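Same chain, two partners: chain A is paired with chain B first, then with chain C.
Presenting the complex of A and B:
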């Protein structure tokens, strides 16, 4: 089944839409999906033109396509556990919160907290991601625990904060403090970043560009070879963060 | 106002000697009366359990430390959110809820009076402001004197009367209710990185020991004739083998008061550990309860822990540092100049942790092994042991051996080798629960003098009606019904008004703050004592004139006046 949601023109298009109910499993049986526009509760129909094509017997067969002015829609795919969401443009904050399975494909840019605390599944963002991509929300001690997040463009600050499982790949640059407080999982940064992996206690981070303002609390631990985008790379290996009894691995291209 | 008549109530009112009778309760002008004229509103409760309004004698709900717990735990604030509804404000938070969250949740459990366990005198204004925003409960504040410089100077000079005078001035200045000692001397030592490991250690720079502070304060408390006794959090909290310190402390308490205890020990569960390290920690609840059973002048509360996520917060700074070193999670440490300190960390009590399972068992054992329910009150030291919303579960655990056996299957299987809990057959009855949740508290806090904790004519009309018919259910089997019943009252009546009905709050509420004022002879008025003034102006960063809490902070204050025997 394919569900196409196209945003209706709105009088005040900047008011954000909170749409945690837009997940594939909800479209299988329910037709009472509610979303919030600012602080007003609305039926899905009030904000979107809905087109449904084909049948489905399980949530795996449901594909939701979001088009139009989608950059203000928040929390799409929250607690998603099956199926597929395709966003034809940008997407708002908190896309893929806590998702455990399924797939989200974003053709444009994603705002902050993409894949926040996700447990499984796959997110692919073809544009840039905002701050706190694949991180834990305020005060949370475990960020992303499983699954994969791939960003073709750049990501903002605090990428993969509190990462404790799964794999995060940023092909472009990251901002400040990627992998801070990391305790597991893998973070791959294709471009540059600054101050990677502060206070990390576990997991592996690889930086294939420049690591600016490198923190002094990492101990040199030899040289390793690895492969990124089909090319062999020689990497300086570090252990850390030694300020916090850390046993993480940080690899930076020579 | 024609009044209110509660018909067919199954009343248990320990302070009036009612042990379960079906009767009517008449209420007029916020008081219990003999009868009301016809035309009064009638609530027919059809034999449901009716108790005086609940009183929590030790809980952390308001103040700077609690508020710090809120803003260092945004993840906790996301838990337990409820939307605005009718007169109810938005609430959020689970272990450290917003003030309205605290108030509504206590109210739906039938609690009408709460004592805030620790208020730093210097930060009293904040506490009183939050009291005003906890609208459904009358509030009291225990005031911290554990590291107070003037007190320790007086203790060193063995001048009980001067200590009493300082207490009288401070309580009046900050509108506090009673004396709280948290790890006496330890918080001052923590300013230098140290702690007190026994009651006979010496506080740096003051040359006094915790034992001297405790003994002096017990005597000073009685000189002032305060309603409550000294409220003590012993030294060495949470250290394996600390039961010896606790026994030594219990031994310090003289019997000085005919009407109530002379020493109140709080969250004793945290002070009843045997063993030497976390690996061989075991329960010493039998030793502690034996000491309590032989000393009717000492009262304690349980400080039960319940499994799950919570936040620990206490004025005991060094203890929180030890916990921080165990957990390596976030930690707050705070110093209150010349007075005390505090620390906060979030914790998770797990069924998989043997230490946590032993702690869980100890709390229950304390309640079950104490012969006289008036001497062991129900508390979790909320939120340190568990948020107060777990009280109904604790009540059910105490009333049902079957429930305890079911829990036994879920916790660490080694637990039974370290605790006597599963050999105890005792199951508490409704009367004992009524004592442990309201009557005992009213007596221990000395609140019966303002009409709290009982339901005979003249008392404050604070009533909790639970959807439980004691004749029809067997609490030892139907423990789930006990949990459900105590979680949600049919009606909670506060000062003659129904404030919560079926788990929903129905009025805005307007509470009172209860505080103590001991009148001392002019020569003991510290406000005019040149030496006290000189030290105050020399050491505090605030001026003495700016220190007292103005009356505007207590819009509906109730002052308990006493005449000091100085």
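Presenting the complex of A and C:
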């Protein structure tokens, strides 16, 4: 089944929409999906033109397509556990929060907290991601725990904060402190970043561009070889963060 | 008439030893106050009556009219923002949170532009703090990091640290060592025993290096870390480790430097590491008078200290998303109530521009920059001068402020209670 949600014009288009109920399994049987526009609760069809094509007997067979002015829609795909969501443009904050299975494809840019604390599944963002991509909520001790997040563009500050499992790949540059408080999983940064992996205790981070303002509390641990984008790369290996008794691995291209 | 033991209502020190002379409804003189306190008590730029913008001019309106129109604007909004709160007392802040809940609004205080990152760090790793009294009586090493108390908290050093003798520090000026860490020389660094000049944005690395040294892993520290020599880092670590009681104070120079809450987390973890060797504590240098109180009051009622979003009827908190600067920059909110603050003077230009585009109402005694962005302003009594209530000092100690004279203005509480009553009746 394919569900196409096209945004309706709104009098106040900057007011965010909170739409955690936009997940494939909810379109299988329910017709009472509710969303919030600011402090007003709305029916889904108050804000979207809805088109449904074809049948489905399980959430795996449901594909939700979001089009129009989607950059202010938050929490799409929250707790998603099956099926597929395709966002034709940009998407708002918290896309794919806590998702455990399924796939989200974003053709534009994603705002902050993409894939926050996700457990499984796959997110592919063809544009740029905002701050706290694949990170944890405020005060949370564990961020993303499983699954994969791939961003073809750049990501903002604090990418993969508290990463505990799964794999995050940013093909472009990252902002400040990617992998901060990281404790597991793998973070791959294709471009440049600054101060990677502050306070990390575990996991592996690979930086294939420049690591600016490299922190003084990582201990040199030899040289390793790895492959990125089909190319053989020689990497400086470090262990740390020593300030935090860390046993993480940080690889930076030579 | 001279009134003794008056509590100052300017900065987070809440100095409670001022002597204020009052003549009728006018403050004539202030003793014991710093320059900032004198300006606060003797300043006279108060708005006389409520005003409403009419084109390029202002029209005087009654309090009832102003409050009714404010209620109508807030009730009509889909994403109202209630911002400020640090310059008023706890009882008024409490009504503000209830108003936000009933409106489905976002309520935020000035922590968003000062020590919000400190709160985020404390939520991650806790707060090994203490009262200023403990510091005064015990501390023999005081660290000011990213703070300039001589200019911003002028009596902090004379009441609690460098120049103030304590129960166990009979000759404080000689006994206490003061370490100042900043990106430039300041009035405070000039009187420090040790000044550590850090490159802008380099605080996180320096804190990490100090943690490693205190842990006995100093062998990996390079010759220089963000402008600070290895020798100085070891010297500062030794001073801290050999303290009998150390007190670490940090200001917005650390909270708002790149890394923000992670800088504070690193500083807290350094404090914890030092406490394996001696007793060390850490405290924020809160700037706005009762900003600590706004964090307390918001937390009692909603569970969160600032940036609380009631849009869905329950409290949601996510600084970076629900903080005023972010909401205004994204042009989300469609009405704003400013209470006891001046965002027009402190927020980025894009935020001030949005405040000017939407209906903004200000409840504040004075004409300030936000007045020029506002649609309505309602003047009120000044907390601690002609209004009384409870405020919190920067170390979390609640102090009751007194009314020095009976003025003609209603206080924040009276205005907000009237506003709340109208909104509650409309909401049913």
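Assorted remarks:
Quick note on the criterion: the second predicted complex is superposed on the first by the 254 of 254 C-alpha atoms of A that agree within 3 Å, B and C clash if a C-alpha of one lies under 4 Å from a C-alpha of the other, contacts with A are read in each partner's own complex, and residues count from 1 in each chain.
One rule holds for everything that comes next: a residue touches a chain if its C-beta (ideal position, glycine included) is under 8 Å from a C-beta of that chain, and two chains touch if they have at least 3 such contacts.
Keep in mind that what you see is a predicted model, and the values were worked out from it rather than measured.
Aligning the two structures on chain A places chain B and chain C in clashing positions. Once chain A of one complex is fitted onto chain A of the other, the partner contacts of A:243 are limited to chain C, with no touch recorded for chain B. For chain A, the partner that touches more of its residues is C, with chain B and chain C as the two candidates. With both structures placed on the common chain, the touch criterion links A:167 to neither chain B nor chain C. Once the two complexes are laid over each other on the shared chain, residue contacts for A:63 go to neither chain B nor chain C.
Contacts of A:117 after superposition: neither chain B nor chain C is touched. Of the two partner chains, both chain B and chain C are touched by A:138. Touched by chain B in one complex and by chain C in the other are residues 137-139, 141, 244 of chain A.
Per the touch definition, chain A reaches chain C in the complex via residues 12, 14-16, 18, 36-41, 93, 112-113, 131-132, 137-139, 141, 158, 176-177, 180, 195, 198-199, 213, 215-219, 241-245.
Touching chain A in their complex are the following residues of chain B: 72-78, 328-329. Every residue of chain C that touches chain A in the complex is listed here, in rising order: 77-80, 103-105, 120, 123-124, 201-202, 204-205, 208-209, 211-212, 215, 217, 220-222, 225-226, 258-259, 262, 265-266, 269, 310-312, 317-321, 330-332, 334. Residues of chain A that touch chain B in their complex: 137-141, 244.
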